[in-house]
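Presented below are the structures under discussion, each in the form of C-alpha cells.
Heads up, the next two complexes both have chain A, just with different partners, chain B and then chain C.
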Partner chain A sequence: MSSADASKKLEEIGKGMVQQINKGDGPTFETTLRTKSNTIFDESAGCLTTGSKKETRKFLSMAQARTFMQTVAIASKCKQFLKENLHTSIRGLFYQLKFTLGEDVDEDLFTEQSESNGLIEDIEVGLRIKREDLNLTTDRKGFVAGEMTILDKFGGDETIIDLAKQGRSGWSIPSDVDNGMEIKTIKAKYVLVVEKDALWQRLNEDKFWKKENCLLITPKGQSTRGTRRLLRKLADRGLPIYCLMDCDAWGWYIYWTIKTGSMNLAYLGHDFAVPEAKFLGVTMSDIKEFSFLDKLTIKAKDVDVKRAEEMLGYPWINRYPDWVRELKEVLKSRKKIEQDALQGQRLTFVGEYINQKIKNKEWLS
Partner chain B sequence: MSSADASKKLEEIGKGMVQQINKGDGPTFETTLRTKSNTIFDESAGCLTTGSKKETRKFLSMAQARTFMQTVAIASKCKQFLKENLHTSIRGLFYQLKFTLGEDVDEDLFTEQSESNGLIEDIEVGLRIKREDLNLTTDRKGFVAGEMTILDKFGGDETIIDLAKQGRSGWSIPSDVDNGMEIKTIKAKYVLVVEKDALWQRLNEDKFWKKENCLLITPKGQSTRGTRRLLRKLADRGLPIYCLMDCDAWGWYIYWTIKTGSMNLAYLGHDFAVPEAKFLGVTMSDIKEFSFLDKLTIKAKDVDVKRAEEMLGYPWINRYPDWVRELKEVLKSRKKIEQDALQGQRLTFVGEYINQKIKNKEWLS
Partner chain C sequence: MANATNEDIFKQFKEHSVAEFFKKNRQMLGFSGKVRSMTIIIHEFVTNSLDAAEEAGILPEIFVQIEVLDKEGDHYRITVKDNGPGIPKTHLGKALGQMLAGTKFHRYVQQRGQQGIGAAACTMFSYLTTGQKTRAVSCHKGKKLTADISLDFKTNRPIVEEVSEEDTTESGLMVVAEYKDVRYERSDYGVYEYLRRTALANPHTSITLVEPNTEKSVFPRSVEMNPKRPTEIKPHPLGISTHDLLEFAKHNSEYKKLSLFLINTFSRFSSGKVDELRAILPGFNFDKNPSDLEWHEAEQLVKAFAGVKWIAPATDSLVPIGKDQVELSFKNIFNPELVIITERPPKVYRGGIPFMVEAGIAYGGGLINAQKKGDVMRFANRVPLLFDSSGCAITNMIKSIDWKRYDVRAFEEEPIAVLVNVVSVHVPYTSAGKQAISSEEDLEIEIKNAVMEAARSIQRYLSGKRKASDLANKKKLVSRYVSQLSGDLSSLSGEKREKIEKTLRYIIETKYSSEMGVDDEEAKDIKAAEKAKKEEAESEGDSDE
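Right after this comes the complex of A and B.
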C-alpha cells in the first residue's frame, strides 16, 4: 500500500466522523472483534482469521469516549508520520501522544503504552491496513542468506543488497519488507527456515544455501511480522517453504505461527500466514530413523505435553493427520528433541538430514 | 588468536596432564576463581577483572573427578572443532559431548547444558583464551551503519562488506569479530551507541551517521560479546565512544557493561570493556534542560531505585563523581526517562539532542 493510499484511508475515517457530526449524530468507529470467539480457522485459506462480528466504538458513550478519543489521536498521529515521511516505533508514537495531548488536556490521554497497542490493532482491523503502512516500525529479528537481491529504497537512498554476499552476518530482515522494498532477482529454488540462529550460522558456514541453491532463513525463535511477510512473499513466488524446528512446544508454536498465523494476530489473516509451509523436522519418527538421536532426546516438560494436548484439541487439527500422529507419539513417549541434537554425531550432519528429508518428501504437512 | 595458536594452548593442557601422570601424580587443571570475592575493579585499566586467587581441579578427587573429566572433554571437543575448521554453539557442543561420551560410558557425562557453560568459562580463564577462539559461537545481536568496510573471510569466501550500503537493515554484528574478520577502512569520526533498535532505526532513517560521519551502533539492549569486542576494537583505533541509553536501571546496566564489563563476565577483562565510553544521556538534568521532557518522565520503579542504591555502593563509584550526582538525583526525584521520550515533541529531535550533547561535552564520564 502506498503512503498516499494509507493517508487516504485515515482521512476517510475523519471525513466519515465529520459527516456523522454534521448529521447531528455522535461520531463512531467500526472495527472487527478480535476476541477468541471471533477467531476462526479459514478452511479454504488454511489459516486463522477473524470472523464477521463487528464492534462500533461511540464517542458519545461514557464507557467508550476515552478509547474513542485515543483511537482518533493515533490515527491522526499516523497521518502526520505519513506526511512527514518518517517512521517510529509504537513506543515513539506513545510519547508523541503523551506529549501532544498533554498540551491541551490536563489529564494524560495515555498513561501506559499497553493502552495504545490494542488501539493500533483496532485501526489495523477497522481500516484493513497494516501498521507498517502507517509508518510504524515493529520489532525485527531474523536473517537470510542466499541467491536473492533486494532493492531497498530508504531514507532517500536506493541500495541493491545481495543476500549471497553478506558473509557470516547474513541480511537482517527488517520491520517492513513491503514499503520501499522489493525483491529484484531470485535464483534460489526453495526456502529453508531453521528455528535457531545458532543452526543458521552452522548451515551458513557450510554454505548450505549455495550448495543447495536455497534461501536460508532463521526467524531466530518466534517469527516477527517482517519475517512472516517475507515468507508470504516468497511463497507467492512459488518457492516451497520447508521448516526445521525443535520437536517441542515452542518449536511447534513457531512453525504453526508461520503456517496458520497465531491466535492473537489472527486478524492479520492470509497476508501473514504461509499455509504452504512444510515441517521437515525434528520429528518423533527421526528417533527411529536416525539411531544416534535416541540418546539425545530429552524428557518432555509439562509445557510440551500440555501444548501437544491443546493442539490435538484444535477443531481443525484433523485436517493435518500427520500432526495428529506426531502429537500422539509425543504424548506416548513423553520425549522431546532439539534441532541442535542433529549436530551430536557430526557438526555437518544437519545438511545431510535436510537433503534426505526434502528428497524423500519426509515432512509433516 | 590464530586457530593454530588456540590448538597449541589446548594441546599444552593435555601434555601437562600426561607429564603429571608419567611422574606418578594425578592430573590437575588450574583456573582463576570467578567468584564475587575474586572480582576486582582494576583501577589503572578502569574495568572489572578477576583477582589472583587460583583454584586447582584434581582428577584424583571424589568431589572433582566428574568436573575434571568434563573440562578435559570440552577442551578435546574444541580442539576437534579447530581441526575441522567448523564452528558450533555451546548447545551444539553439549550434544556432541552427550553423544560421544555416551558411547563408552554408561552414565551421561553431561545431563544439563548448565554444567558445560561454567566449564567453558573455566577453560577461558585457565588458558587465557576466548571461547570465540575455540570455534564456539555465541549469541549475536546488534547492528551498525556508517562509513566502514569489513573484510569477512568465512566459509571459504572473502567478502568486503560496506556498512554504508546496508539500507534499512544495517550490518548485523556477528558472534566473532576477531577471527577471519578485519576492519579494512574507516572514515567515521566517532561511535554513537544507542540502546534500542527502534531508535537506531529512527536515526538510520534520518541518515544521522552520514550527516555526522559517525558509526551508528545499537547493541539492541544488553551488549553481546561480539558487540563489546567490536566497540573495544573501535576504541583502540582512537574513536570516541558515546552512548545514549535510557535513564533507568537497565539503561545504566547496559552502559556500565560496555564501560567496565559486567560482574559475571569480569574475567574477560579489558578485551571486552571500553572504559573510554561516555554517557550522553538520557540524564536527570535533561529534564531541566529540555522542558518538553518534563511531562514525559515516568515514575521510577523499585528496580530502578534499588539499582541506583546498589551502584552508589560500589567501592569504585567515587571515581565517577558525575554519576554519584546523577544517581543521587534519581533517588531524590524517583523519576526515570526513556530515550524514546526524545521523540515526543518531534521525531527528528533525537539527532539534534545528540549533536548538542557532543558539541557541549555534556556527558557523564
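Right after this comes the complex of A and C.
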C-alpha cells in the first residue's frame, strides 16, 4: 500500500468520526475481535485468519474513553509520519506520544509501551492496513544469501543490492520489504530456510546456495514480519520454500508460524502466511534413515511433549496425515533432535542431507 | 407504679444471703479484667441513678469522676453523683451493702437492672481490693446523710457507720469509693464509651465525666422530658422458670393457698386455668402453702404451664427510646449524613415475655472520620452492652445479614453505625454480667427483621446516591479526553478542532446519560474479551516481531 493510500485511509476514519459527532453521536471505531475464539483456519487459503466477530469501540464509555482517545492519537501521529516520510519503531511512536494531556488534566496520554502496542494492532485490524504501511518499523533479524538482486530506494538513493555478493554475513532482511523495495532478478530455484544462524553460516561457507542455486535464509529463530513477508513474496514468484528446523517444540512452532501464520497476527494471515512451505527436517524418520543420528537424540522435554499434543488438536495441522504420524512418533519415543546434529558425522553432511531430501521429496507438507 | 412514693419502693426490699458466694465468684457479675471491672462499677451506679431519677420524675443529671491514686495506675477513686431522690436512712445500708436487696428483683417491669446485685457488689469489690468502705452521701427529703458502708460477707448484712446528718435543700445520691484491680482507658470497653452510649440511648439525660487526666466531657441532654414510665405487669406463666416460680413463692406472704397465689401473682391466670392444671397434674396439692413449695413441685408446675393455652401477655408495658429521640441522639453524637430508625410493634418470646426491638442505622457524615467503622451498638433497656459481643444475639444477627444486598459493600469498613435496643420486662442475658443477649429464636428473628428494615431504607438512599455520583464520574472521566481527541480528529480529518471539541462536549452534557446504561454492559464484555486475549498471548509465548 502506498503512503498516499495509507494517508487516505487515516483521513477517512477521522472524517467518519467527525461525521458521527456532527450527527450528535459519540464517535466509534469498528475492529475485528482478536480473540482465540474469533481465530479460524481458512482452509482454502491455508492460513489462520480472524473470524467475522466485530467489536465497536466507543468514546462515550467509562471503560473505553481513554483507549479510544489513544487509538486516535496513534492514527493521527502515523498520518504525520507518512506526511513527513519518516519511519520509527513502535517504541519511537510510544515516546512521541508519551506526554501529559495538559490543561487541567494530570494524566499522561501513554504511560507504558504495552498500552500503545495493542492499539497499533487495533488500527491494523480496523483499517486493514499493516503497520509497515504506517511507517512503523519492526526489528530485523533474518539473513539471506543467494542469486537475487534487489532495488532499494532509501534516503533519496536508489541502490541495486546483489544478494550473491554479501560475503560471510549475508543480506539483512529489512523490517519492511514492501515499501521502497523491489525484487529485480531471481536466478535461484528454491528457498531454503534454516532455523539457526549457525547452520546458515555453515552452509554459506560451503557456498551451498551457489552450488544448489537456492536462496539461503535464516530467520534466526522465530520469523520477523519482514522475513515472513519476503518468504510470501518469494512463494508468490513460484519458488518452493523448504524449511529445516529442529525436531522439537520450538522448531515446529517456527515452521507453523511461517506456514499458517500465528494466532496473534491471524488478522494479517493472508499477507503473512506461506502455506506452500515444506518441512524438510529434521524428522523422526531421519533418525531411522541415518543411523548415526540415533545416538544424537535428546530426551524430549515436557514442553515438547505438550506442544506435540496440542498440535495434534489443531485442525490446520491434523489435516496432514504425515504430521500426525510424526507427532505421534514424538509422543511415543519421547525424543527430539536438533538440526546441528546433522553435522555430527561430517561437517559437510548437511548439504548432502538436504539434497537427498529434496530430491526424494522426503518432507512433511 | 408511676405515682408510687419512694417509701413504697423501698418497702419492697427483700433479703438474700449470697454475698459469700459472689465473693468467690465475682467474675459472674462481670468483674473480670481491669478495664471491664471499672466499666461495670460505673454501669451499676449509673443505671441505679437513672432508674431512681426517672422513677421520681426528675430529669437525670449524672456526674462521674475518676481519679487515679497511685503511679502504677491500679488504684482509683470513683465518684458518681446524681440528682435523684436520694435514699432514706433506713434503706441506705441495704441498697449499698446487701446483695440482691434492691427494689428490682421482685418487680416485673422494664428496668435497666434486673437483679439488684449491682451497687452492693461494688461496695464488696471496693472492700475486697482496698479494704476501704464506700462513702455514701444521700440527700433525701431535706436531710443530708453521710455514711460509710461495708458488708458482712457471712451474714450478708450491711454495716453502716453514720458520719454525719444535716439539713439540706438538695436531693440526690453521691457514692465515693476506692478500687484496685481496675484500670481506666479510653477504649471500646472503657467508661467513656459506656457513658457516650448511655447518653445516646437516654437523650433525656445529662452526663458529665471527669477522666483521670482531669479532662472533662459533657454529654448534654437533647430531650427535655423523661420517657414515659413503663408499667409494672404481672409475669406471664409462660415466661417464668422453676427458679422464678420458687422465688415468687418465697416472697409471697399474702396468699396461703397455692391456687390463690398463682391466680394473683401471674397474668392471665384464672381459677379456670387452675382447673386445667389440676387435670394435667392429678393429685397435685393446689391448696398447700406456697412457701412450702418444693423445687420438684415447681418444676412440675412450670412444665404443666406449657401444656395450657394462655392468652398472650399485654405488651403495652414496654417503652422504647422512641424514633425521634434516637434520631436526635444519633445526630447529636455522630452528625451522620443519614439516620434511619425503625419503629416496630412489641412481640412476645417464649410465649409469655413481651419485648420490643428498636433498630437504627446511621450512615456517612461524621462517621466517615470516626475511628470505628461498621460500629455495632448494643443496648438492653437503654443500657449499653460493651462486652461479650461475640456471644450476643444482636451481634450475631447483624453479622448474619448479607450487607452487600443493601449496598453496604464491606460492613466493617463503612461509615456505618447500627444501634439495636432490646426492650423487655425480662431481657434474656447470657450471664449475670448482663453484657450479652442469649439466642432466643423469637428475639433473634425480630432483631434481624428490625435491622433489615432499616437497612432497606439505607439501601434506597445509597443506590440513588451511587447512581448520581457514577454518572457524574463518567461524565468527568470522558470529558478529560475531549481536548486531546478533538485535536487528533482535527489533524486526521482536516476539520476545525474548535468545532469538533464544542460539539463533542455538548453531546456529553446532553445525550450521554441515557447512553451509559447499555454502554456499561458492553464495556464489561469487551473487558473480558481483552483479558482473555491477553492471557492467550501470554500462554502462547509468541514473539512474532
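Some observations on this one:
Here is the rule we use: the second predicted complex is superposed on the first by the 357 of 365 C-alpha atoms of A that agree within 3 Å, B and C clash if a C-alpha of one lies under 4 Å from a C-alpha of the other, contacts with A are read in each partner's own complex, and residues count from 1 in each chain.
Assume contacts are C-beta pairs under 8 Å (C-beta built on N, C-alpha and C of every residue); 3 or more make two chains touch, one makes a residue touch a chain.
Bear in mind that the values here come from a model prediction, so they are computed numbers and not experimental data.
Residue contacts after overlaying the shared chain place A:Glu84 against chain B, while chain C stays out of touching range.
By the document's definition of touching, of the two partners only chain B reaches A:Leu347; chain C does not. When the two complexes are overlaid on their common chain A, residue A:Asn355 makes contact with neither chain B nor chain C. Contacts of A:Asp152 after superposition: chain B is touched, whereas chain C is not reached. By the document's definition of touching, of the two partners only chain B reaches A:Glu205; chain C does not.
In the superposition on chain A, contact is made by A:Val18 with chain C only, not with chain B. Contacts of A:Met263 after superposition on the shared chain: chain C is touched, whereas chain B is not.
By the touch criterion defined above, A:Met62 lies against chain C but remains apart from chain B after alignment on the C-alpha atoms of chain A. By the touch criterion defined above, A:Pro174 reaches chain B but does not reach chain C. Overlap of the chain B and chain C contact sets on chain A: residues 102, 139.
Chain C meets chain A in the complex at residues 473-474, 477-478, 480-481, 483-485, 487-489, 491-495, 500, 503-504, 507-508, 511-512, 515-516, 519-520, 522-524, 526-527, 529, 532-533, 536-537, 540, 542-545.
Of all the residues in chain A, the ones that touch chain C in their complex are 10-11, 13-15, 17-18, 21-22, 24-27, 33-37, 55-66, 68-69, 72-73, 75-76, 79-80, 101-103, 105, 107, 109, 138-139, 221-225, 257, 262-265.
Of all residues in chain B, those touching chain A in their complex are 81, 84, 86-89, 91-92, 94-96, 98-99, 102, 137, 139-140, 143, 150, 152, 154-157, 159, 161, 165-176, 181, 197-198, 201-202, 204-207, 292, 295-296, 338, 340-341, 343-345, 347-348.
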